[in-house]
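The chains carry the letters A, B, C and D, assigned in the order they are written, with residues numbered from 1 in each.
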């Protein structure tokens, strides 16, 4: 197999990329300036060196701002609200919440979701790490865990699984477990809304 | 213009129907059993006779269940919750809410929405009728008006216009004006949610 | 069942219309001017009277232009090219070909297509009628039958079935049986074209 | 700007990739096995070394099969049909034609298309290179140039521009200039076909 095919095979594993677009990527690189290839090769080579995984929230972050820190900017910021922990699935979910400017506590990146009927749910998500982090957070005044996963079948399944697993701790420590409110989202039309969404929108009316 | 074109022109005015699908409807009817055409012609001819408009909520309803009543089944049902009035844009919105089984008060069908920058908003919706109905509803114990319009630019504009118009009455009578809760709707993924939706979902967490 | 539901049920049988859009059609009619309903009812009632089916090509046509004729304008036009017959599936296909201005012979509307593995193909299409028409057309100088069906699995199956059925007649009378040329259609990009289309486009290069 | 953003910026320039999917690519790489990053970095770094551009048809090809050859496998194959040259826009178009198995001559990759009203068409495509290659191809027996570009506004504009430019040569040398046949492509339905496609499908009937 030649280099075009080999590189296309690597691009084919990118999220959402099929065999044809993978080849288009290779041809784009072939027609690009050599400096673009050099930069890209360099960046990919050093990616895991340049980027650390935060030892607290598990997100990826640039090593640049403080090479000695093992914490990302958010986890290193002692002025955030210690009473609240928001659990999301992916790094990019955290970015969406930060962009909204409406949350000031800390985060934990679960790193995946639990497939329905899966015999070993804990292999898909960072549950043991989460548990180990909770201890010190409780000492620091944690009073609420918000489980903010996607409102899809697998997302809701994961949220329920997680809530059940955290239930004993919640009972024992009086830490509240909550979920983002459901209701009409931007662009929703009543006519097309499902019954669950309407029920929640009416219950959460404001 | 021949009958195919004339009938296609009438179908073209149906919501969401273009010229080509309009012609397809005519050809469907031409190839259908004559009894289908007779039934359809009859039903359309008598539609306004068979169907009344409820004098209270303004929705359309079948005359059949009680030919003497000028009220639809919901408005005629004295056991529903008199403290609550839900304002929707269209008949089909009311059907969606009823299907959810999560609302037990009365309704009012606004019959449209107010375009932004329109010089005469009241011509687009049944606002004078709404006002005239509120008087007796207040006597009957109304304590909350829920303005449940679409979360689109025009829907939100209409909701704000309506809320402003009802504000003096609300001040005077202590009737609460509310809106359906905003948040993640079924199928929402955090990653794609807009900031407004995330903000509301976190504020309404449960 | 009330009139709204009864009429929605009739609309639900229209091509491409689901239960929700069917109800939307009924609510559109309820809010429309009564004159629109009267016109529509009248047009539908008289549709089969106003519109005849051409005894030759089997298309539907308005009775208006010549109430005594049993032939549509095209079949009644003796100046068209008698040597050519174009077989299409639907009336609306004929309209597309006429709009192109590129065909001057006569037509036959097959009225359907033959599902694959169907035990009784002839029940789906007007094959016996086609056969009965061919006799006089041959006397009038027919020399080519163009089978112009959709390039879909069922369309191609129907075209092959029809060609096989017409083969003996073709052998006997030297009438040529042909098919529309395959190749790149407007908007095609070579990159996305399937091998069959590329093969035909190259074979038919011009 | 940190490495996540820098790498996302490079991915954003890939064909068809927006800012959000670019970030998703980076997070995919962060969570991938380090060996995947090493391979990818290596492959991209050496891409222009591993892959040569054929001096004849201008396509990219792997250096592997014969490190000393400056010709791709197709151009190096002396058994192909020397009488025919197929001009395509992109490498991936050549792949689509080869996959069809219906062409046995040589190719030339134009490398782009000419925007409408552009003041300097020749800067967008490899026209001077094409001209320089034609000389020896004519000596070798070239008798037909097939201009196989996309059937889009810009593709057709480029094809016409190219045909006009090659016209004097064609006159002088009797080399035929042709275009892929137009007609119904796989999946086409007559009802939706444009007039140009129908006209060509009927003209090219077979």
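Heads up, the rule we're going with is that contacts are C-beta pairs under 8 Å (C-beta built on N, C-alpha and C of every residue); 3 or more make two chains touch, one makes a residue touch a chain.
Here the structure is a predicted model, which is why all the values come from computation and not from measurement.
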If chain centres are mean C-alpha positions, then the most distant from subunit C is chain A
Since subunit A and subunit D are copies that touch, just let me know if over half of their interface numbering is common to both, same, or not, different.
same
Whole-Å gap between the CA centroids of subunit A and subunit C
54
Distance from subunit B to subunit A - Cα centre to Cα centre, in angstrom:
39
For subunit B and subunit D, let me know how many angstrom lie between their CA-based centres, rounded off.
54
Touching two or more other chains - residues of subunit D:
90, 92, 191
Residues on subunit A engaged by subunit B in the complex (per definition of touch)
88-90, 92-93, 96-97, 99-103, 146, 148-152, 155, 178-206
Parts of subunit C lying in touch with subunit B, wherever the complex brings them together:
2-4, 6-7, 10, 13-16, 20-21, 23-32, 34, 36-48, 50-51, 53, 60-62, 64-65, 90-92, 95, 111
